[in-house]
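A, B, C and D label the chains in the order they appear, each numbered from 1.
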């Protein structure tokens, strides 16, 4: 097996090297990939949509269908993780651990023992592979998470003018929740951002994207042709700002979908589908 | 302008030298905990010096304006967040190492 | 041989992409551990993205964010080609989604068979067939 | 001429990729893969693809490492090859 695999890989690499010799040189401005379509996009992005960052324009406007179905793919991946891993029946662990808050003692309660009340102020449940309750990590993460979310909103909103956009901002928002879940524990995170919320928000994100396109259809233009939105926004017909706002609404949808799907996949992967004890 | 060039170049050179010492320390030190010491502490100093040089360059090169001040503020924010997060990360890693039962390296007397 | 080396000197990015693709393909074919296979698949995907980004590069040109004043005519030759960037931007996000699904499948297999090694899973399957 | 830094980063990327598939510990493989993603992001930033580099820095070096570590945490760390 090893020899066969190595031989396949070497033959593949040799063929690729042979054909790579015919490629245009690295950094050549007149290569075919750089000449046909992209100059048109670059020269018209300010005129058409009033968005300096041409990557955002192409992503959400010129190639809007592509991005819409990519968002659907991401949502489908979240659903696939859910259906593969989620276990509804509660397989209770052999022993549970509780911390007595006033004294800091740790209690180990065997299966069948008397458990404290669910919302008890005196006892808090901790994971069996527990990390000690580190004040430094918890408070630093509490400080950082707010700034991460603020930066994520900046990235989503400022994607027209600088690198960024819905995908990056969504992943940043998701990773802030993941950071909370790592620094505290999974159950506390699930109380603040439930799995159902994640699923619904992901669907809402895709709905915002396709709904924007559908509104354009209702206004009498093609699907995802944001110029038709200008009467709704109180702009003159043909104003490029209509396209800019359309792109912004689409980016918000992408951010919702990506954020919730990242969190959803993390919930299912980190607890092996049980939502009982996390990472 | 020549003063700015000299100051920025000096800051960058000292910062890069500190990064070099951190890299050498990470390779040469004997065990986990002493290797994390340069990784966590000396990197902070190197970041402060190199980023400080870059921030000064962004602020004064080409005149002070709103755009250059915004660049300056962004670089200063990078330094602030590295100063908050990097020691916490080092603390967490060393904590994990202690709980995993790694023994600190000590100089053995009878060998 | 000499010709190949001189031709490849100007295309070192393509050489790197070919080597990374070979590494990913080797991991996917030969390694028996499932997580290693998944990491190999990710390396394969990133090598393709490296290839696309390399084709977009133009020497000495700036990033594809055009200046803000709308009146000046934009010269497309002054900017790096943005189209491959867009294609690869979505590809990265889809790659993390596929990574999540692949890891979920690997965890499901581990729950079923108690191992991540492909050889052991094959042995288990064979012994099950022998029993029935 | 930006050849040296570009070349060094690409060489480090290749080394990290080879290490990531040849190391015996799966947790170490996940961490080396994170370093691989980050160096790849650096190489794209050098090539002027800032949006792609930003996405890779958030996705490849951040979230996918967490996914890998979570999967390894709930299965086994050991591997035969």
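Here is the rule we go by: a residue touches a chain if its C-beta (ideal position, glycine included) is under 8 Å from a C-beta of that chain, and two chains touch if they have at least 3 such contacts.
What you see is a predicted model, and the numbers here were worked out from it, not measured in a lab.
S.K.: Of the pairs C-D and A-B, which shows more C-beta pairs in contact?
M.R.: C-D
S.K.: Could you find the chain whose CA centre sits the greatest distance from that of subunit A?
M.R.: Result for max centroid distance from subunit A is chain B.
S.K.: Could you state the distance in Å from the CA-based centre of subunit C to that of subunit D?
M.R.: About 11 Å, centre to centre.
S.K.: On a C-alpha centroid basis, what's the spacing between subunit A and subunit C, in Å?
M.R.: Taking the average C-alpha coordinate of subunit A and of subunit C, the gap between them is 19 Å.
S.K.: Taking each chain's centre as the mean position of its Cα atoms, how many Å separate subunit A from subunit B?
M.R.: Taking the average C-alpha coordinate of subunit A and of subunit B, the gap between them is 30 Å.
S.K.: By the touch rule stated above, which residues of subunit A touch at least two different other chains?
M.R.: Those would be 53, 55, 163, 167, 171, 262, 265, 269, 272.
S.K.: Check each residue of subunit C and list the ones that touch at least two other chains.
M.R.: Only 12-13, 19, 26, 30, 54, 56-57, 61, 63-64, 85-86, 89, 92-93, 96, 100, 103-104, 107 qualify.
S.K.: Just spell out which pairs of chains touch, all of them.
M.R.: A-B, A-C, A-D, C-D
S.K.: What part of subunit A is in contact with subunit B in the complex they form?
M.R.: On the subunit A side, the touching residues are 131-132, 134, 136-137, 140-141, 143-144, 147.
S.K.: In the complex of these two chains, what residues of subunit B are touching subunit A?
M.R.: Its residues touching subunit A are 81, 84-85, 88, 91-92, 95, 99.
S.K.: Can you list the subunit A residues touching subunit C in their complex?
M.R.: Listed in rising order, the residues of subunit A that touch subunit C are 1-2, 4-6, 8-10, 12-13, 16-17, 20-21, 23, 25-29, 31, 33-34, 37-43, 45-47, 50, 52-55, 58-59, 63, 66-67, 70, 73-74, 76-78, 80-81, 84-85, 161-163, 167, 171, 258, 261-262, 265, 268-269, 272.
S.K.: Quick one: in the complex, what on subunit C touches subunit A?
M.R.: Spelled out, the residues of subunit C in touch with subunit A are 4, 7-8, 10-15, 18-19, 21-22, 25-26, 29-30, 54-61, 63-68, 70, 73-74, 76-77, 79, 81-87, 89-90, 92-94, 96-98, 100-101, 103-105, 107-108, 111.
S.K.: Which stretch or stretches of subunit A touch subunit D in the complex?
M.R.: So the residues of subunit A touching subunit D come out as 53, 55, 163-165, 167-168, 171-172, 174-175, 178, 182, 262, 265-266, 269-270, 272, 279.
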